[in-house]
Each structure stands twice: as C-alpha cells, then as structure tokens.
Amino acid sequence: MPIVTVRALEGRTVEQKRKLAKDITDAVVKNFDVEADRVLINFFDMPKQNIAKAGKLNIDQ
Amino acid sequence: MPIVTVRALEGRTVEQKRKLAKDITDAVVKNFDVEADRVLINFFDMPKQNIAKAGKLNIDQ
Amino acid sequence: MPIVTVRALEGRTVEQKRKLAKDITDAVVKNFDVEADRVLINFFDMPKQNIAKAGKLNIDQ
Amino acid sequence: MPIVTVRALEGRTVEQKRKLAKDITDAVVKNFDVEADRVLINFFDMPKQNIAKAGKLNIDQ
Amino acid sequence: MPIVTVRALEGRTVEQKRKLAKDITDAVVKNFDVEADRVLINFFDMPKQNIAKAGKLNIDQ
Amino acid sequence: MPIVTVRALEGRTVEQKRKLAKDITDAVVKNFDVEADRVLINFFDMPKQNIAKAGKLNIDQ
C-alpha cells in the first residue's frame, strides 16, 4: 500500500491534481508492481508564506 | 516521546477528534509503555480534492 | 482512508506494534466512523541519536 | 519546489526507485508546470512489521 | 538537499516564520555543511483542535 | 509543542546532529516564543538511493 505525499505551492487546480494523481498512480503501478487501488496519494497545498528556500520565504523571493 | 499523526478526510467534529486523541493516547500508553504526557498527536484534515485512491481524487469517486 | 503514522523510539517489539496497530485501528473505526480495512498505520522506529527534546539528543539525556 | 514522499514496502530495487523517480518527476513537471530540477523525491522503505492495514501488521497478513 | 518541516500551533506571523526560516537555514548550513540554497523549509500551521498532548486537545488544555 | 523534522542525506555524525538540534531549538525558542523543553526534533537519515532531484537518484548524480 504505497502512500505518496505531494507538497507543492498552493494554487494548483483540481484538474491539475486530478491528472497528477492519475499519472503518479500509473507510475507506481508500473514500477513498483502493485495494483492501482492500493496506491494512496495525499496533496498538501503550501501557502507561499510557509515555504522557504535558502533561508527566504517564498513570498520574499 | 511518541508522535502520532492522523491524516483523515476533513469533516470530523472537534468531539470526534477529542475522543480519538484520548483513545489513541491510551493505546500508546498501554502498549508502548510511556507516560501519557509524552504522547503528542497531530491531525491533518484532508480536503476531498487532496486525497486520491487508485488514481482518482476522492471528489471523483 | 485514514493514515496514521507513529514515530517512537526504536526498541519496541513486533508484539507491541501488533497490539498498538490493533488498538489504534479500533479507535479510528469507533470515533471516525470508517471501516477497519481503510485504516493504514505506519511505524517509524527512531534511533536515540535521531530524537531531540529541549535541544538535547535522546542519547544525551 | 514540489516535494514528493513515497512510503512503500521495503524490497524494491534501486532500479525500480530510479525509474519511479524519473516517472514521478515527469508527471509533476507536466501537470504542475515546474522545472524538473525543482522536484525532490524521498523514498521511505517500510519494513513489513511497520505497516498495518485493518489493524493487522503486514507480516501477519 | 535537507528538508526541514516545522509543525507548530497556528498564529505565528509571517515575520516570525521569516526569521525562523533564516535561523534554521543558517543552522543547517553551519552544522550539516551544505549550501544555503539547498535547504528547504516547510511550515505547517496547526489549529488548536488538531494538536493533542496527554490525550487532550490543545483547545481543552 | 513545535515538532521539527529534518530529512537529510545519511552520513552526518552524532556530533553534527547534536549541534544542529541545539541550534534549531534555540532558533525556535527565540522566534516562536516557546520554552525549549516543548521543542521536539526528529532526524531522518536518507540513503543516497532514496533521494532524487530532477528525476535522478542521488547515487546517479
């Protein structure tokens, strides 16, 4: 039961998540040899003020 | 200091979380032999569009 | 599909995890009103050198 | 900077992870419109005794 | 590419996150010997009803 | 009770983790205005074959 978690900047549409969920699931099924209905995916929409790189929040970049 | 994280579909009431936090803590204390005040629990309320199974978002199932 | 993650100091036996997995699942089923076979649990066994509290690693406490 | 975390039963080969990392990255680039070098992936290899479904450890199923 | 995740009670200001992101990044650079632009930080703002200690939700403490 | 999780390439020494745990805790205390003994840190040592960037495992870079 692979569990895939995707953290990405908020703002993606439902349609984008819908397609990514499908593609990631296909990739896990193909490469890890599991049935699709055992693959779970969780998305976390990260606000710009909650992500930092190189010590700077995304809102400051 | 066990840390328990619960990701579940959003919509659960505070009372449901209150009871589950109590029951999980009791279970950890009993089975892992730690004092209750060392058990931390975090809930993440997952929107339907952020969970997928078998390649399909929860809102499409 | 609730996903429960338990991070605890390494050293727990399989039997301890077996019982805790059962008890946590029962607690989720009872309080969050889901079927048992939708509840997933992941344990992470944390080495003493990988946990810190109050700025001190567990091996130094 | 999407961060993708994959928790799956241990035992997958490096080659399997290599291919899955490639495929997931391609999927994120295509659907979330980011450059490939911003996509990070982390795998966690879960021992059978550390995963449970329906209240039963994987080693007992 | 160290990934640092901070879960804390919601209510911190952007300025508090801005400074903490800077300080944590500096600490990782200094102690783990990596370049700053490889250090990623994610904050999760936890509502009071989603955190429990000793079996009690934060809102009940 | 801030919980800080650090995922980094394996190979860091205990001394490196000891110092980073201290520095991160100090940073959280200073910026998030909490007492030190409420700050928890977890390290995850990531094998080279379990980290990927730009679709390539760390062992292939």
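Labels for the chains are A, B, C, D, E and F, by order of writing; each one numbers its residues from 1.
Here, a contact is a pair of C-beta atoms (placed from the backbone, for glycine too) under 8 Å apart; a residue touches a chain by one contact, two chains touch by 3 or more.
Here the structure is a predicted model, which means the values were calculated and not measured.
Mind checking subunit A against subunit B and telling me if their interface is mostly the same residue numbers on each side, over half, or mostly different?
Counting shared over all numbers used gives less than one half: different.
Quick check for you: after a Cα superposition of subunit D on subunit E, what is the rotation angle, between 0 and 180°, in steps of 5?
The C-alpha superposition of subunit D onto subunit E needs 180 degrees.
Could you tell me which of A-D, A-C or B-F has an interface matching E-F, in the sense that over half of the contact pairs are shared by residue number?
A-D
How many angstrom between the C-alpha centroids of subunit E and subunit C?
21
Could you check subunit E for residues that touch two or more other chains and list them?
1, 3, 7, 40, 42, 44, 51, 53 - these are the residues of subunit E that touch more than one other chain.
I'd like to see which chains touch which, written out pair by pair.
Pairs of chains that touch one another: A-B, A-C, A-D, A-E, B-C, B-E, B-F, C-D, C-F, D-E, D-F, E-F.
For subunit E, which residues are in contact with subunit A within the complex?
Listed in rising order, the residues of subunit E that touch subunit A are 14, 17-18, 21-22, 25-26, 36-37, 39-45.
So in the complex, the part of subunit E that touches subunit F is made up of which residues?
My answer: residues 1-9, 12, 16, 19-20, 23-24, 27-28, 30-34, 51, 53.
How about subunit E: which of its residues touch subunit B in the complex?
Listed in rising order, the residues are 7, 44, 46, 49-57, 59-60.
Which residues of subunit C touch subunit A in their complex?
Touching subunit A from subunit C are residues 1, 3, 40, 42.
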